[in-house]
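Can you keep this structure in mind? I'll have questions shortly.
Residue numbering begins at 1 within each chain, and the chains themselves are lettered A, B, C, D and E in the order written.
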């Protein structure tokens, strides 16, 4: 069963405003190097990119990397460090987690890998801690409380939940991620969950990141508003997506 | 009903002191690019700017952008990233929220869009979290507590409340904004509310931002005290508003 | 009654160490521009400067500005932004508040403006929050508790208290300031107050700033130890106050 | 007994992104100087290096130094300060601790020095504080609670625990370190421990660092993805480990 | 009695890594200017320097200055600001306090000045806050609790305690400092104190700084590992203490 488990790494990057002072050509090269490192990892593993431009202030870009062991995730980040972009970027938030069968699930065969087809428009991610009282409850009591939570969540059919576990690997206990096409539906779900019994056992569930699904290239282009990555006949490198005046 | 809802994005900017070392012409160009991005968004959506110079230390300028979907808000921030100003600015605070009908409102037809005419001199904004105990109260109990709160607030006729919801979209639960011409009246209201029952259910309501209503151009000019944006025959670009000696 | 109220703005500045790398002449000019902005405001309003060099690590200089409306305080900070000093300074702490009659005072005629003559050697300032339980007490109970507090404080005759209110304008509820010539007397007062009933209702009262009363010019000269501001026949600009070796 | 005790110093470094803008040769020299300081210390004392690239966002490299007295640990850090790398690095986290016999151990002869042979693939480290209630329990009660904890941990045979004490030397009470080849096993252990009685007495145990065992040279090379340290015939200095495109 | 009291100022400095990029001669001059300011103050007042290189990550150097009034402490820091070192240093932590007779002491004649002869190898320093409940206890109850604390501490004969008071002068209530030659003895003392009744009344006692007693010159030389301060025939300025390779 252990062989089914995967490491999941969320890396949130904040770009130094000084990067935007570099020339258009330099920025295009910086982004190409970053994208190449992502592409190489994605050949054998799972990688998705997200833009946070316009949804958060402390992060601009998020990369989610998934692999069976830690080594390729380490190597991905070594390669990213070689890219020009990382000379002007900081890791604003970082979450390391692992997939694991849920004790509350009634789907024993649910695969512990990301489903490639689940390409919603948004991924909402947050680290979570439960209160210690939660863990002192009897297992059947916890099951009862989680059942109410799960039943309510199932009524929101546009939301798909992915829970990963971080106990002992990183600060948080869980990293929870939700695929959604309509954030308003997720907002309504979270607001309704506040009244459930399980909600009283939450110690912390912030920061909450609304991430815009994107190709690596588009997420990079959102950093400076220029087509620096997708070199194509019609896109001259460094051309502005849309000039602000 | 869902089609009435709007995304509301508050972006608070802090200018790097190094920006003020740039030449007067460079700063004027930086500001014009920023203003142009705001203008373009405002053609189809709602955008207002506010100055925090003199009221806060951690933010200089706030942009409030409202749209039916997240895409134009994302694109606005991509365009802002292209402006020279964002090469020397940091997003100090960022709040993403949505409008939604209030369960406590007795005005079922209250529009969920900003009223264009509500141009008070100040907008006071803060993120809010309620204690989890609040959400475990029975709905009629919550209604009773909120009624006392609303009745008291109504006696302060110069204050207009706008509540947006952030559950699951961002760290806070609510973003509350108040239009006011006289901050002293708002101070008195908040002080009186401390004694109400509802106040005991507040988990956090800081930071509190007193924002000065402004055109985008004036809010930008307050950053360096120069007329860099409103190019007009009588305003030579970069001319000081008032020289400090 | 409302016309008696004043806005009080505390702006604490931290100088970037890089400022000290500028030439002596440049620093002198930077300080003169800052002092000129303060002087202009002080023509029609109240402004005092304080040095924190040697008492705090996170702030070097504090400006307290008082005016009937927010506009001149906003304009003062726009002018400060134009000065060379603000190209190398950060607002480390900022508190916005208003004067208001105290419900506990037995001096109904106490003016709500700073007394120009009260020029103690030190001003001790801190933001304060009370616990929510405090606000749920009956008014006569609060009066009783505050009476014990005030009676104890009156025995320390060298200390004068100035309380301003920030509810809804800024993060804190109060900004409390004490004029004192002997900080040791204030230390003894605060230590004795710990045993009073009112002390149990304090949620937070830090950071605490011991500010050294100063002219604007002297507070600026303490930043680099040079006479850069007071241009006079006997002071050549940039001359060191005392060379460190 | 006192002569068996050792100081243990954990130094977590975060590299300034600006370091990656230096030339390949400069970076290679910077790393060689750092490695030389480590080597010199390791001649007479214990030193191990770990990489955090890909597991954390706030630290890139950790050095664990162990010695009988504080002087050589001080001197190691003076030497590190001389290296080029420390001109572009910050100490992101620092923990000072000492080994000491455990009152709960039934292995009285357990050596208080690191076992040179215990070279697991990962070292998981965190600072820990217990609640004050813990220390008010009777010794036999604490022994009973710890026994349950220890018995559960023993079932995870791939995990080896190293506890050091920081009372009065540094902010935390303990620094706990776990040798593991399979982080998934550690995750399962920590999750199971949540249900034990001892877990309720934990005040704080974050941040949690998953550290990748490494030679000093390899941990340094992971910072920029280049072979800058291990000068060998087949490794030309500055040669990229693997180009990102 | 008041004339016996002294101000005690702890200034913890963190050196910007960029300082280490300056030339050896420049660094030597920077350090000489800093040392000269310390020497001048020490002519009439008490000043001691400590190194934190290797024991902390957030501070490199601490200066403890003691004087009867605040003025010379202010002037010392003005002079330090003139030194080249402060162009590349930040005040990471700052504590202002005063000596005062202890209500629990049975040594009424204990001088309130530092004993010049007490030159232990280490000074361990931390700010402290007690819970408000403590101050609501009856004086005789507090005396009883403190007696248990003091009796336990007296059994550790190698430790000497110095408590200073910060009520109303700075954020903390106390700054506690311990002279010790063997930090292991202090660790054992603090661990044993956890079980006393007084320990339950501690609100906070971090950060804890283990400071290495040093001359000003040696503490400065530890910043870059070069003899830049003590110009002597045998020490050529800028000569490395020990080259790292």
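The rule is simple: contacts are C-beta pairs under 8 Å (C-beta built on N, C-alpha and C of every residue); 3 or more make two chains touch, one makes a residue touch a chain.
A quick note: this is a predicted structure, and the numbers were derived from the prediction, not measured.
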{"item": "Chains in simultaneous contact with chain B and chain C", "value": "none"}
{"item": "Cα superposition of chain D on its sequence copy chain E - rotation in ° rounded to nearest 5", "value": "70"}
{"item": "Geometric centre distance via CA averages, chain E-chain B, whole Å", "value": "44"}
{"item": "CA centroid of chain C to CA centroid of chain E, Å", "value": "28"}
{"item": "Chain A residues counted as touching two or more neighbouring chains", "value": "none"}
{"item": "Touch-based graph of the chains, sorted into line, ring, star, complete or other", "value": "ring"}
{"item": "Cyclic chain order when read starting with chain D and heading to chain E", "value": "D, E, C, B, A"}
{"item": "Residue ranges of chain D touching chain E (in the complex, touch as defined)", "value": "2, 5, 9, 11-12, 16, 32-34, 36-37, 40, 70, 73-83, 86-94, 96, 98, 100, 132, 135-136, 165-171"}
{"item": "Residue ranges of chain C in contact with chain E within the complex", "value": "17-18, 20-21, 51, 53-58, 122, 124, 178, 183-184, 186-191, 194-195, 199-200, 202, 206-208, 210, 212, 222-226, 240-245"}
